[in-house]
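Two complexes, one shared chain (chain A), two partners (chain B, chain C).
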Partner chain A sequence: MTLLSDIISASAQLHNSNHPPSDEYDRQVRELVQYFRRLQTTKALDSLANDESFLDRFDPAIDSIPYLFVLHVQIQKAQELNADSFPADIRPSGKLWICAAHFLTSFDGVQVKYAGREWRQLIELVGQVSQAASMASATLVKDAMLRLDPSCAVFTSSHLLLVRLCLEAKAYSCALPVLNKQICHFPISLGSPPSDPSVLCADHGSGVSFMTEDSRISSKLSYRDYLQYFLYGGMVYMALKEWRNALHFLGIVISTPSTNSVSLIMVEAYKKWVLVSLLEKGKLCPPPSITTPHVAKVYQSIARPYIILAHAFERGDLKRLNAEIDAANGVWCADNNLGLVTQVVGAFFSQTVIKLGKTFAALTMVDLSKQVFPSPVSAEVTGSAVSSLIMSRDLNATLVQTKDDAESSMLRFSSIHSLPRLSHELDLQSQLKQEMKLMETMVINLGKTNHNLGLSDEYVDSLHKGQVWSGSSEVNPIVGVEAGLEMDEDLMGDMS
Partner chain B sequence: MELPLLTTEHLSKLVASNAPPSQLFEALSRYELQACLISTRGDSANTGGSDSTLLSLFYSSFFLIHLLTDQVSEARALTKQIPEALLQQDPSLQNCLTLLRAVWQTQHGQVYQVLRGLPWPDVLQPLVRRYESFFQDKTLIAVSRSYEAIRLATAATHLGLDQNLAKEEDPNIISNFTKYGWTWDPESKLLYPKPIVVSLAEPQSSNGIHKAMAMLGTRAG
Partner chain C sequence: MDTTLPDASGPSRADMDATALEATTITVPRPKALVKVEEPPKFDLDTYIANYAGRTRYDRLYLIGICSPLLSIDALKGAIDEAKINKDVSRYEKAVRALAEVAPSDPDASLDAAWVQETNRYVQTQTERLEHELRGYKNNLIKESIRMGHEDLGNHHYKTGDLAAASKAYSRMRDYCTTPNHITSMLFKMVNVATERGDWMSVQSNVHRLRNSQSKPDDAAKNISKITAASALSQMHQTLYLDAANSFLSIPPDLGDTYNEVITPNDVAVYGGLCALASMNRDDLQKNVLDNQTFRTFLELEPHIRRAIVFFCNFKFRQCLDILEAYRPDYLLDIHLQRHIPQLYKRIRTKSIEQYMIPFSRVTLDSMAKIFAPTVVGGEARPTDISSPFVQELIGLIQGGILNARIDLEKGLLVSNQIDLRAEVQRNTLESLREFNQEAHWRILHAAFIRAGLEVKPDEADASEQGHGGRFP
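Up next is the complex of A and B:
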């Protein structure tokens, strides 16, 4: 029998197996993956490396495993035969790239759970060869991630790859379906094989059960990857002017625990944090309360020009603001923050008008122009700018026109008319719904984290030690968690 | 299910369909990858072939659907993804850029001028008309909440109505506002808007709030 007929027969067994989740199906897929890994190790698959018709015989939606492994071999062969590590065949629109795209848009999510390493390698390759077509690669990576794990709750190297590709391609909204998901886990180390063999093909609603360290769906993650993901994510939100979300992401970066040195990524994030807080809140927000005090001090000293700029903004002094911007022009350019700084100047008008609302109940357009603009500006221009602010809901106020001219028009702050009660309550209800969805996700993931911690070697060890130390057999397994927590304190006993 | 191939005929049908904007957005989002692949086949704008026609139609439609689903920032981001040569040479995409500028700068009068005055291809007309209507409704709601009293001419500018008729205090122009409960005072020659309230959320249901409260209760402490 030829290798091809062997493969066809091996994958046919999978077709005949019971529909997942079942132990039988689980066993079949594991065996199939092992079979292909053996073929790969023994170089037996190399005989298919140049068989152009092989991939056409298989449908990646049904035979994801054979397709993935043979595609890998063909890509490797193409790379070996060319001096260029990314030959034409694997570049966008190349023969193998199209096969990869076909696979990533249609693979069977259950089967691929068993071949996480190969899936990840393909994703990385698609990302590396992107260059001119990083938009296409970003779309492919995003679709593949959501196909494999719709919750995207486990942080993987693919998260970082996707956000980087989206930034390169300026395909900001492409990152949103993943960025908007809550990350609740890192890939865990199971230590020993799971006791439940059907765990992979069962539908768990989240990737935490199969996106483990052993699956190698993610490459090894570092502290830097984590910081970069949230910084890049913040930059995507900034590009889309979703300042609130950007602030949240940057807040995660700048408040990351640090013992002595401060990462450059954290400093970069803090600089952006200063500017985004001016755009979102009109003032310099202190770093999140969990930020280590010595880290906050480092920020203050390294990001000095940004702090000075923020103070000028807060004081409402446009001349001073412009002077500070001109003085540190080189800094903004070097930090790639010139665009944000320009937007801060643009936001000065709206923030000044909003602040006036804290002092005045109402102002005519003429008075408003005098208060806001250093040089004379017509009341019509002011009226048009204020009208835009109110209509875009950046300013909570109303305009009262008179029949005569623009000058006598009035801006009225905090009018009952401006915020109809029903509208306010509907907005509140919508916000509550969003918060409720978020909490549901958090509660589900908290349960999973709790479960995983309960299975970890550290926990089992500490529980075991606790039983020994207690000197009795009265350890109630039901209150195991509490017992474990007590043991954490007793661990200091080793020191005495 | 296999996605049908991106073709001008298929796109034209989609664009002309009466499907809700969110569905159209979903449908076109699925074609993004195909459009990217077509654009990487070569410098489409220079070939002058069917690729550039197809890409122009795809990106123009996708842009308008972004606006129709109120995703202005995303629409702006989309313009950065379109192949530069195509963007600079294609009249429909140039119209999209002009429209984006007007929408971004909230120049309401300019928005209507672009939508009504610029030469849009026939195939895009259904989307252009839908967006005009959407923009008009959205602006009417915003004006109703932003003004306590407004001159007829200003209101007409916001809604893209005839300025000359507004100056003449034409009853038809006035009825455009009074049918929404606004009051017209012929003495002061001012309109007094009645705020229009629209729920951005799903239909009202207090169940959601009860659930959230119950969850807060069980997780507290």
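Up next is the complex of A and C:
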């Protein structure tokens, strides 16, 4: 029982101290975590492992650290007792699961920063337990991540965990709050212990400073982890048909710096990149300019069927497109891209019709189907396809049925003027604002990247000066001539 | 092995034969695959050819002879006479062969073997005599004599049709030229030879040398018209129509008959007018062609070209195109224009459609078809249907980005696109913002990957793959 009172008094101390951020608070939290780690290693906490009432006594929002450690021990105990590594208590709706969920939805973000390793282990456990692909655990992980670091700008292993959970549970939109935050950093090892520890509990607004390798919030990362994360993220966007974002994520994967080798994940991503670029832009986009040239060559050779497909698409030849799709059917199936390929055919139709809108102001459906389809198609097929395009607002046009028959119904493409102006402008404005916000966060992150890389303004200035100096050395001949002249004068002076 | 070897060599030999055949079929019909001009041209052959001097007479007569069935016999006979006077055996044979195809029964259509033999011998001895003389001059080391020896030899080769030898002889003159006048005359001879050979790059480079030669100002002024004419001609042949037009327009009027061996003032007017029509807009045409005092003297020689340009400037495209169409056979029988007429006419037509559209925001397809496709209007039931050639031509122009308009097939209109600047700016801003954000994020991450030491490395991948490989068996 003494242990319990010890813990209570230790955490009570924390309550009494000043509000964060302060050095005092920082010191106390560190001591507390040290204390618990010591208890853990000496197995002293094991006595609490079976005390079920213990967790009820603490509020995870106030006493996050004791709660987390004890919960940890209890889970370990449960795992040790049962041969099964995931006993019933831990499974969803089990006793410990409820405690964990309670903790993850209400923990104190500042305190948990000091116990990153334990927090991550809990998250991973939650992820592993829910084999039944439940949406609940995905939501838990997402909320916990946003709670710990609202900016989510640092890549951690929990990112990958979350996206995988969401894909398995088909809960695509659940991952969006995290996916939409742009990742700009990785946990870095500081080498030496931080010289200024008080920064930990300060309000940073971003996780760069506390998510270091030493904090163990993320497990050890390899390049596969983030490649997978961005590929999965792209797939989430694809499932939601947000092609632009998908393209952005795939672009990250295919432009990853590499030395002499290509990861298969990158090739997978390139295949999807080809298809998604057809869907979004109607043409084959070249890989981002920062892609390593030899990698781009590898893509060209490995993803051959995809590139041929894209060329057929660009040429606007439906017959050839269908032939290419049939010819490489095995490839699409083997790569699990059949779904995207079928969507490409749909996109081909809409792209062609939209392109016709640039040439024609109005034309009959009969003429339209002649322009789009190589072989004659019944009027109903084109009619329904076009009207579904118009209804989905992909095509800005009106379909006028003439009274005699459906054959001669007229498709009239609207010009830009006829748009409902106000809603359009509002829409544009919100989009612009969104992009602005993105750019602002990016600028902040850029500043941090510069700081991490040691690229300060002064450094750039001095580098620039150095270049000017080396540049001036080329003008030396003139200086040399002048020096020579002075020499001459000196000689003359000596003579006289 | 024995059985496969002949098999292997068999097809290859056949391939070689096939390629040889192809090579001959490509080289042989090219001169014969010329345009046949059935319509009668407007000019009179005798007066036309009287304008020219030198070897170009034969070239022009021969071209008319093989392209125009109406004039072929007269023209080819003229060509034969021309070749006989110049003692050019190969040309004589070529002209006789062509005549034999058109009129086998004509007395001139059989080879005069005695003449051929005699002329061959004469040319041979003449060459030997000149070469002997040249050797003599070289031994005496008198520069002027050596130069003249080379010149005589070159003239002889040029006259009898050995152009390669002629240009070689002329270029040897260079070392023995002592005055700027010598250099100029040598360069002109080389320009003439290159013009006849169709070596337009060489014409261009020699024209460049002529421009830079340091002759006296009054001599230079005398030559400038010929130099400009040669340069304009070579630009036209390199399909630089705008440059060619500007060069033709700047030819001084004192060209007159001085350059009859290549080009006459009438030609200057026609070539210059057509190139200008094909490459300039209406304002430039008015300013540079019609108001151009020096070019006016040329234009007066060919009033129909002047009228065509005036019509074009005054927005009367039908009349302009009619005039050009009426003179098409004439131009197709011109040795320099023939190759360029389809291209030039197409450009003029495209440009007139483009210019026609400028003042309108919407035009009925009917009224356009009346101007640009009168035959279609007369012949077809629905001249503005999507499948009519005129509408197809418009579609091609729109898709090629030349016409900024859209076709309204319901009302039969061509509607010009109006750009909503505000929407355009908004769209561009959003687009560039997005692109910037995307690119910036890619680059920041790129730096972050490298900073964290997480590039894709071969050794790690290999190791894990080997690990897998080790595990499976």
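Criterion: the second predicted complex is superposed on the first by the 387 of 496 C-alpha atoms of A that agree within 3 Å, B and C clash if a C-alpha of one lies under 4 Å from a C-alpha of the other, contacts with A are read in each partner's own complex, and residues count from 1 in each chain.
Just so we're on the same page, a residue touches a chain if its C-beta (ideal position, glycine included) is under 8 Å from a C-beta of that chain, and two chains touch if they have at least 3 such contacts.
As the structure is a computational prediction, the values presented were derived from the model and not from experiment.
In the superposition on chain A, A:381 contacts neither chain B nor chain C. In the superposition on chain A, contact of A:439 is made with both chain B and chain C.
Within the superposed three-chain model, A:430 lies in touch with chain B and out of touch with chain C [touch as defined at top]. In the superposed pair of complexes, A:323 makes contact with neither chain B nor chain C. In the superposed model, A:412 lies in contact with both chain B and chain C. By the touch criterion stated above, A:460 is placed in contact with neither chain B nor chain C. Once the two complexes are overlaid on the shared chain, A:136 sits against chain B while remaining clear of chain C.
Once the two complexes are overlaid on the shared chain, A:361 sits against chain C while remaining clear of chain B.
When both complexes are aligned on chain A by C-alpha atoms, chain A residues 412, 415, 417, 432, 435-436, 439 touch chain B in the first and chain C in the second. By the touch criterion stated above, chain A contacts chain C in their complex at residues 182-188, 221-223, 226-227, 244, 248, 251-252, 255-263, 266, 288-290, 357-364, 367, 370, 410, 412-413, 415-417, 425, 428, 431-432, 435-436, 438-439, 442, 445-446, 449, 452-453. The part of chain C that touches chain A in the complex is made up of residues 386, 395, 398-399, 406-411, 413, 415, 417-418, 420, 423, 426, 429-430, 433-434, 436-452, 454-458, 460-462.
Per the touch definition, chain A reaches chain B in the complex via residues 92-93, 98, 101, 105-106, 132-133, 135-136, 139-140, 143, 169-174, 239-242, 387-388, 390-392, 398-403, 412, 415, 417-418, 420, 422-423, 426-427, 429-430, 432-433, 435-436, 439-440, 443.
Residues of chain B touching chain A in their complex: 2, 32-33, 36-37, 39-41, 71, 73-74, 77-78, 80-81, 106, 139, 142-143, 145-151, 154, 188-190, 195, 197-202, 204, 208-209, 211-212, 215-216, 219.
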